[in-house]
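Presented below are the structures under discussion, each in the form of structure tokens.
Presented sequentially are two complexes of chain A, the first with chain B as partner and the second with chain C.
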Partner chain A sequence: MLLRPHREDVAAILYYQGRVMWLMAAAGLIPATVAMLASEWRPLGWFLTMSGVAALGGAATDRLRPASQLRWGNGMVVVALTWLLVPAVSAIPFALSGHFRNVLDALFEAMSGFTATGLSVMADLDHSPVSLTVWRQTTQFLGGQGIVLAALTLFAGGGILALYQGEGRDERIFPSVRSTSRFIWLVAAWHGLVGIGILWSLGVFHLGYSPGRALLHAFSIFVGAFDTGGFAPMSTSLAYYRSVAVELVTMWLMLAGAISFGVHYALWRGPRRVHRNLETRTLAGSLAATTALLLGGLVMTGAYGDVASLVRRGLFQVLSAHTSTGFATVGTSDLLAWGGLAFAAIATAMALGGMGSSTSGGVKALRVGLTLKILANTVREVLLPEHSVIGSSFYQNGRKELTDRLARSVMAISLLFVALYLFGALIGLFYGYPLDDALFESVSAAGTVGLSVGITQPGMPVGLETTYIFLMWAGRLEFIALFALVGFVVAAVRGR
Partner chain B sequence: MKPPSRPQIRASDLWGVLLHLASELGALAALVGISTVLAWALLQL
Partner chain C sequence: MSRLIALVTCLMAIPLASLGAESSATTVQGLLADPEGWDGRHVVVTGELVGDYSFRPEGAWIQVNDDVYAEAPVPAGGEAETFNFGLGALTPSDLARGLPAPGRYDRRGPVVRLEGTFRHSDPRFQGETFLEVDDILVLEPGSSIPDAGPDGWLVVGGVSIASALVIRRRSRASRS
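Now for the complex of A and B:
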């Protein structure tokens, strides 16, 4: 029997939603400050409007402070709603800017930013106001670091653990959620300090930019790479810079962004057997395999005749896809000309994704590794004599048992990702795109990657655009929070 | 035993930061190295 949610449940959900809205109101002051510094007065109005709307939402729910802790299920509903409401509010400056055809395009861009995807439908990106570029990039940072996690850091209080688990960062490195949040911000901060510092220096001394312009580009590349977002400040993405040094620094940041915070902790404290983890080994293996496939494909099509060009273009692209970043150093037409094998290698890398407890998307390395282990066990069951007892374990920060319950959960989420990829591809086919293009773009959206074969563009069909918005949302939430929201709505309608 | 309530990592832990950076750059260098050897081998085929 379904139990209809109590009024207190709804109030608690609205209250925490309101906390996030207050955070959004504060976040809007970042681009607003940049707009003032750059004397961009019209954009200043867009950001103040957004902050005002968010503050109204926050103020309206202030009185709903719950007496008890937030239940886990309700925390999931908050996460699912956050990833709908926050993009909706942050789309306000996009919608007012005139760089988007309509409100749906603005919402698409905001969802792409907050899910750290990087697909873009923005028109005339190269002539965007500086403050709008900063906001577009900031959405990736807020989404990547976790809008919920940010809310936890700033408004930490009762019931925060439920919110935290829904975020997907369920790795307990430190004894408290608050200290874990601090560590996550610390890792981002020092990567930002070093990454932006190097990129800024390259911009000023290597590319000849003014200090201000170099800072804008360095910040943009850092958040795009470390939060595995993929929004670039220029329409030609990373190809704009034509610089091996910039590409190498970006590759480091993309790799760092796809590493779980548990591994970051281990690397900081000294190597602690992370190389033995199933997750690390699976990621290393799948990176090696997809890189080999990609290089093989490029050699077969003769796209590049020398080792340096092959490695420079191929490795960057496969790393961008595997970490679910979506930066490109080759144009869409070049990507299409790379041929079937290289194309499939990138699509596979996008579908697999990076580590859990990171900002990358896709199925994720630990699930891929466990799925392979489960398949191997199934084969062993067939080959071994009847009634044989097969025990299975894996190493992930210590030896762990692969229970039936864990196996079911891993297979369910992996299969749901495959179903999501296929669903998006089917809708693409419905709109007349060839299978390989439709599948590539669908995997890119659902895996929150952002590489495109050109389907995503201003003027794309409304139905397809809505589908991709759903794919990004569902792929980011990894289904659990989504199911909690659906369950909550069903219980509210049909429960007793 | 009661676990420590604060993280044992601090922003001023420069040695930890350097170790962290070196590990990540090492992983990237290994990836570039292996890819280069692989690309060279594939071009010889």
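Now for the complex of A and C:
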């Protein structure tokens, strides 16, 4: 029997939404401060308005503090709703800026930012205020790190494990979620200090930018790369810099972003046996395979006449796709011209994604590795005599049993990702785009990557834009929280 | 005398004729739509310089945007319509040094006419696509875009933040 949620359930959900809204109110003060420093007075009003709306949302739910811990199911609903509400509130500065054709475009940009996708419909990016650029990047940072996780670190309450897992993280590095979340921030801070430091130095001494401009570029590239978001401060993405050094640092940051925080922890404590992990091996294998496919494809089409061009363009692009970052050093027309094998390699890399419990999207390496293992076992079952016993285990921070339950769960999520990719492609086909383009863009949105073949643009069809917003949301949440929300709504309507 | 005038006229006409024959006026969108077709051709592109000028040993890298915002940037009241259409250009440093400041939020950059050779996937720069400039003509020097100053949204924001803090204080007081 379906049980209608109690009033206390709704109150608890709203209360935690309010906590996140307070975080958003505080986050809005970052670009507001930048606006004041840069004498951008009009944008200052946009950010204060956003902060004000978020703060009112937080204040309105302050009285609803639950007496008991948040239940797992309610926690999932909080996460799913948060990832709808937060982009809606943070779209306010975008909508007021005039850089978007309509409110839906502003919402698209905000969802793309928070899900660390990087698809953009922003018009005249090259004339955007510094404060708006900082806000655009901040959405990626908060989203990549986990908005709810960020709120927990500041306003932790009971029952936070569900919230943590709802954001697509299933790995606890420390016994407590709070300590784990602190470690995640520490990793980001360390990479931020080093990454921004190197990029700023390159900006000033290699590219010849002023210190202030170099800082803006360094911050933007760091956030775009480490949080695998892919928003760049200029319309020509990473191609703007025309620098091998900048690309190399970006590649390091993208890879660091796509590695799980568990691996970061292991590396932090000294050389560990992370190379034995199924996840590490799968990521290394799929990265090698897609790179080989891409380079082979480029050789076949003769896109580049020399090895250096081939390696520089190919490696960057495949890493950007596989880590689900979406930075580009080649134009859309070049990407389309790569054609066939190379194009398929990029799409495959986007679909697979990085490691679990990282900032990247896609199916994720551990699920891919386990899916291959399950398939291999199935083949073995067919080939071996009928009563053969096939034990199955895998190494992931220790030897683990591949149980039927785990296998079902892995296969279900992997299939749901494939279904999501195909659903987006079907909608693209409906709007008249060729199959390969529609599939590429759909995978890019659902895998939260951000590379585009030109379908995503200001003024794109409303239906397609709404579909991509849904794909980014569902892909980031990895379905569980989404199903919990649907279940909650159904129970509220039809339950007793 | 008339022979001399005819000769001078002919001599002056040669470079103009060759310019007409070899240089094609085009757009950034046109170049990027068919980069292979334009590769190695001498072209003329007109647009706004934006972003940063990056002076390096090989020359100065600049970005030219050939879009509706070159005329009317969004901060100056232009309508949001499309993406920017930008192309990187490598210019001799001495040509770039005298250029007015590039376009940004608070500034409409100089509108220039760039003449040079379009390079697609150039092996000298490991596959860069850009315009190798040999002449720049500044058509308009650019202008500052004044910030409109605080508007109604600043008041809305301030009032809503203050209201939220009052509500928060009251709810805390009632709880305690």
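Basically, the second predicted complex is superposed on the first by the 496 of 496 C-alpha atoms of A that agree within 3 Å, B and C clash if a C-alpha of one lies under 4 Å from a C-alpha of the other, contacts with A are read in each partner's own complex, and residues count from 1 in each chain.
Going forward, contacts are C-beta pairs under 8 Å (C-beta built on N, C-alpha and C of every residue); 3 or more make two chains touch, one makes a residue touch a chain.
What you are looking at is a predicted structure, and each value in this text was computed from that prediction instead of being measured.
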Give one of first, second, both or neither to describe whether A:Leu295 is in contact with chain B, with chain C, with both, or with none. first
Look at A:Ser39 in the shared chain and tell me whether it touches chain B only, chain C only, both, or neither; answer first, second, both or neither. second
Looking at the overlay, what does A:Ala12 touch: chain B (first), chain C (second), both, or neither? neither
Taking the superposition as given, does A:Met251 touch the first partner, chain B, the second, chain C, both, or neither? first
More residues of chain A are touched by which partner: chain B or chain C? C
Determine where on chain A the residues touched by chain B overlap those touched by chain C, and list them. 305-306, 310-311
What residues on chain B touch chain A, complex-wise? 3-9, 11, 13, 16-17, 19-21, 23-25, 27-28, 31-32, 34-36, 38-40, 42-43, 45
Inside the complex, what are the residues of chain A that reach chain C? 25, 39-42, 44-53, 55-56, 58-60, 62-63, 65, 96-101, 105, 122-130, 206-209, 213, 234-236, 239-242, 244, 303-306, 308-313, 330-334, 337, 457-459
Considering the complex alone, what residue numbers of chain A touch chain B? 173-176, 179-180, 182-183, 186, 189-190, 194, 248, 251-252, 255-256, 259, 264-265, 267-271, 287-288, 291-292, 295-296, 299, 305-307, 310-311, 314-315, 319
Which bits of chain C are touching chain A when the two form their complex? 32-36, 50-56, 61, 63, 65, 67, 69, 73-75, 78, 80-86, 88, 103-106, 108, 121, 123, 125-130, 145, 147-161, 163-165, 167-168, 171-172, 174-175
